[in-house]
């Protein structure tokens, strides 16, 4: 609730359009539905431009269904469910229409297929093995209304592959660079483009990759200046941020 | 060197405007000055929109002076020197006009004071002790031509202070959130605004803050969706990225 | 055995009510039952006000049963078994009346249902996914005779949800703040209330959450002053400590 | 600002005692003084029962002085400055009356010497080398109005020393257990007393003590149930929490 | 693409043997086949003397098959597939002739059995338990055309075993030293031979071996001067590097 | 092979009892049987007083059987197999007489039941959950011919239990102190006895116990002076060392 | 205080030789002198065979002097002060006769020069740079009455040097193996001797030695069976333990 | 001492050219000079082709001088002293002719200036700040008789700089790739060349570079196949190994 809404509510109080007690109650309860195990925030899309997203990990299939239904009843669209296990996805798709992407374990409900995809986000990834993350990023960005180009398997040890896409890279408005192992991709891309680069470390690797920690650290220490980083395997986060940035230049 | 320039160069070769050998040489050496200890890239501002920035740490004052002079001779402006020790700053300011900011150890040379400051970047920080980082971010963004608002000492344990600036926060185009200790500021801000948030962990704290590692990890695990992270104490990087994002909406 | 009991025992020796040898023997063996694989301490509730609690992890179902029976034979009530696997719970419930809570893997035996629940402990948690920990805390506190209010899914990225419960929070005698990921909840609550806050990091998260380590570190570095921390996922410990604190103000 | 105050303010708005705009402004700015580098919160003692405490580390002496003076001008008493370097302490004591404790680097300004010290907090520490932390805890608790007993050098390798104080330990309302190296003191004490134990790991040790990390981890894993933990060397935090707990039983 | 090839291509452009546009296209696409999920680099063997190697981990059996077939269609031989799970190996061997080594999970396709094995590489390992790694190294080196001697179970705690092979060790051109636990083997061997030693830490051990981290660190700190290190369990990498070194002395 | 044996062998050479070539061969091959996957050292018991011990982890059941049989054929007794999985144990016991201890996963073959058990080793452990480690220590010591007393479940949080065995503790020649969680047991025992204490951290615990790392670190930092430490869960190692120490005082 | 003394004291109580109250007091205060900052335990040498040792780190010179004098007044001999800084040593030697060893920073007061040195402890170290630790071990053992042989600079990369001392090594009753970097020395020695080996990691090294952590981990993972480990740089601890073991075989 | 020498010595014994006792003595003492604090190995250059190298860190200037003199007296040349502090260098250069390189802290004594420099080693480094390491590598390789080309400041964020040297890179026999921060240089170079690449992580960076750990981990996880790694800042080691490899192709 921002300052403007607060003043407006206070004005209503002054004009006796609303009692102070109701105003306080309104401040307290309005935008939520409390399901016991979860509090669904229906004003998120007003406040932040995007629905609440359902983090599927550690949640029972029943809880996910409950939250999704509650959102559907509020008419929300493009509901994203991340880290949705295959089992939970099966459970859900028996009950509601679910678009499920197996590799990135991403569910989409009540997708708005007319929503135009605008701008220009590139999702580049180091290798085939990173696809479970890069697809999460790409799909998230698409659901949020962005045009996405995928450049997969362009890791730095085969520099020629990446350089062969240089013309596409330099035209991007945002680049999402996904890599495991030594995580060098964002540094190399970051030195070539002049748009923001969102680096996504993946847990791909073995031994001293420590589940993606090495890639994460490498990306945080990138000597290229335009690189910021999200959590290991957080394709969703990268797609979300890239969408915010990509949409900044749009005339509203 | 992008695809277009390559084709153009190849065209020149075909038209005998240039021999293949010279073309190869040109591809190889053009945009650099090799000082022995450093290779200065004068095309960076063409390719990436911003000059090369001098990372002062572990460089001798003489080396920094050499690089700076070389850039000045090439007519470069708004030269930023980060992590410039007080001693090196003194050495430099005897030789060239230097604008030096003590707290963030930031040097600026040949500043273009007419450059307009546009857009709207907020630099919010958790406490007074973080100022050496938040000032590095704010000054960097200003030198790069952005309008910056500083909200310092608005840490999450005194939520009222931050909420009192909510109206300014929700109007920002980018927020840089700087915090040490538990690094919770970006999560709280990220839940309130709908623009990208660049999180900067600082080394402020003691004991189990492990030189900023705790804040870094916390920010990477932010449950707010629009948050990406840079290295510990990397105010410069945050200012640089925020600038890139802030300038995206501008008509060019 | 405290000083007073020691002097009393020594007095008995002096008065020849007991031989020195028996006194030494008494000092040595009295309050325990040695089951071979475990030594059950029946004086714990005298000395510490609470029964010994059975830590179920890494113990065979047979051992847990043995200890429980031994305690039952000594008339102990409100026996808590933590980290009781579903398999062991099934094994036990065939042999003795067992109240088993699946999510937090908590067993309760010979519960005293008349024990009044007094005081006011709030268990607040960041998200639905943390419930396996927050329920362990809440149930523990209830078994120990405390009144408990649950505020679940009030994470800091949706600040409005937590603020909507501010009136309840400020009235609490103790708050248990349970959170995974960046672990910021205790800091924000700690800045709003004036009672002790027990912070419980959970292993909820992925990537750089490192199994709850990030939340743990963040909580230890809280910039709010009234926060102390227990081990990752240690809902039991938090409930136990909260109970001790909550009961301090009671007239005895 | 709690629910009650909000309703009261809203009532004032309704009764035209105050305009909505002023109400909003009041909500925004009232309790703070913004010094540029710091925002001093004068309502902290109302809201949380204790003044804001000044964290001296990484702050310039001038900034500390500025904040202190601002608090003095608002009539605040018992102002605590933690991690106050010897140099800053000297600078301050030239300008304002300062009670400075060298070992724990603790400053106290405008102490209320009439404030009675009540209750019963024990500060136990493992060794002489931990005194810089245990004194910070003890002094903090005393300034906040608690009676404190010091039991220093009672480490677990000389169990007899600690057991010789068992009668005092079992009478405490809260125990602060301070230890470096293997950090076993809170576990042993926690098994003997029935009040809350606040464990404070210290950075005393060498090699694999890793600056107090070992003691911290050990304390978090205490097999005694009533133990919660604060950051390494955080004597202030322990004293503060112990005070909150100690005062719970008081008739108010 | 090296400098010579670039000049040659530019010459072709100048001589009108090729249009600039085609040259650019050639630069861009020539050596790759883009399978969607992977970009196969058929010039690797030209550029680096060895085929691309397929990293089997995290790849679907179908993807591995696709890449392998694509390489077979390009006439590539001695195709190595590392970290090939038993399931994927079964899937593949139904479709194409596959030589599969169970212990090191290594697949070889279209092996050139006439290729002579030259030079002299020793693979020494600390224990029987390290064989899954040492066999990966030995087989890789053999496929790449090197003569390999295996010295297994010659760990440092039984020094006599290793010393009994001293005459073979001192004649090697490269030694691959494979060890888990404390990882001391490369140090001891490194002090005895005068050829390069490639150290391979393995994940064999328990407790504070931390999945091979201890062996890795020990090897990096070797007090013997000729030792360089690869990732934990990276037998393939060691075999590959050893091959490069072993072949250096050959007349070409 | 020690200096004395070398001189003796050299004497034989001089006296023509043996040719130099055979002497060299003897030096090289004598005490081993090379099974391909393992080199069995039959002189270990001569050189070190104890047979080679078979580390079962990561070894195939067939390999373990092969090594065991080879040792049996050489007449070795009291063959210990550590970390022997239940599956491998079943496989072995079909082929050879095997004494198998399930909890510590310890196998014993061809046990010498007449060997007297002498001296006095105490194995003390913190809790029931540590038994898989403490039994490995106790059985190892017994097989090696030591008298062992078990004191289980005497953790520091129930100090009375341990103190009740003080008379036994002070009479021990060596104490093996086994503990998980905070690992404080060796410190407390180390302060009470005057014999060597071997500390064994266990992986028992959760959260910030990090698989026994916390207990390990705590034990390494013990403030009691007579404590040395072995790897996490290394009950075998502790039993072996304790045996060496216990046997030192024996008249030989 | 052991069981026997307790029974004896209880007997005195029974015989009215002492009142119960005095007995309790005696139990409580007898063996200590409380200096305020330290509690000196004068019965340590009775209970544990050795004086309390003064850990000099983090203690003020005045405190060290106070403790030393108190011990001198009680007639204690061979007082060891570890980690005694050069400054504190100078301060002390002005006041009391102090034998100070600069390299290991070890102080000895009131040394009993007639005490015979018996048994046979070898202190072996990897390199010249480890001498500050190996000398601490050697001197400690000598003060405690052991005969010590020093074998310095016998690191594993120069195996010949160590093997040249094999005859001395195999005759030792205990070996202290001191090494930094990869910490392999104890493994190699442990495979050659049949006495207990105390491993001491040192902080000698750089980069990934992490202040001795690598050596520590390597030693804990030693594949040689008779090795136990003390903290990084803990020469004193190793000397102390070695002394306990060395003296076990002595006729008393 | 290899097998051939042993047989030869044994032959001498058999022929009575030498007594067994002297042979044993010879085996024991021949190639060393024991200076008390160090054992100088004069046969190293025979056995390993290179003199012993003096590791200057943690050694007193007097010790370094002593070792150097001892080597000079044995006629050794090209004596390398690494990590030689400026103070020790000054001390030495007063006593013996010393070639001292300040940046890499490298000393050279009795250099053989006629030794030809052969082969082709490239030392490439990411930035000016890495020169203290890359110079150590380059100088070491030069002293050992290799031709060295330096390519400094060719970090991956300015790919054009490195690509401009591609023709030189592909002609190298070995490449030493030196980089701090994200350590990506070896991966990129490793994908372009077909010779061995020795990766040297440097401690250049800040925050989450953790003193070079990030670069180290990244290099160990390189997705390029020909890369092996040495310790952080270990320029000497890299130069030494590169020399061994470079010299393999030489006709001897």
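Per-chain residue numbering starts at 1, and chain names A, B, C, D, E, F, G and H are given in the order in which the chains are listed.
Convention: a contact is a pair of C-beta atoms (placed from the backbone, for glycine too) under 8 Å apart; a residue touches a chain by one contact, two chains touch by 3 or more.
Please read all numbers here as calculations on a predicted model, not as lab measurements.
With steps allowed only between chains in touch, the distance from chain D over to chain E comes to 2. Chain C and chain D touch with mostly matching residues; of the residue numbers seen at this interface, over half occur in both copies. The geometric centre of chain E is 38 Å away from that of chain F, both derived from CA atoms.
Here the CA centre of chain B is 53 Å from the CA centre of chain G. Chain F and chain G have CA centres that are 25 Å apart. For chain E, the set of residues that touch two or more other chains comprises 3, 27-28, 127, 158, 191-192, 207-209, 213, 216, 220-221, 225, 231. Pairs of chains in mutual contact: A-B, A-C, A-D, A-E, A-H, B-C, B-D, B-E, B-H, C-D, C-F, C-G, D-F, D-G, E-F, E-G, E-H, F-G, F-H, G-H. Taken in their complex, chain E has these residues touching chain G: 126-127, 155-159, 181-184, 187-188, 190-192, 205, 207-210, 213-215, 217-225. Interface residues of chain D facing chain B in the complex, by the touch rule stated above, are 1, 27-29, 31-32, 36-39, 41, 43-44, 52, 55, 57-59, 63, 83, 201, 203, 211-213, 216, 231-234. The touching residues of chain F, when paired with chain H in their complex, are 3, 6-7, 10-11, 13-14, 16, 19-21, 23-24, 27-28. Across the complex, chain C meets chain A through its residues 127-129, 131-132, 152-154, 158, 160-161, 164, 204, 206-209. By the touch criterion stated above, chain D contacts chain C in their complex at residues 2-4, 47-50, 53, 166-167, 170, 173, 191-196, 198, 216, 220-221, 225-231, 236-238, 240-241, 244-245, 248-250.
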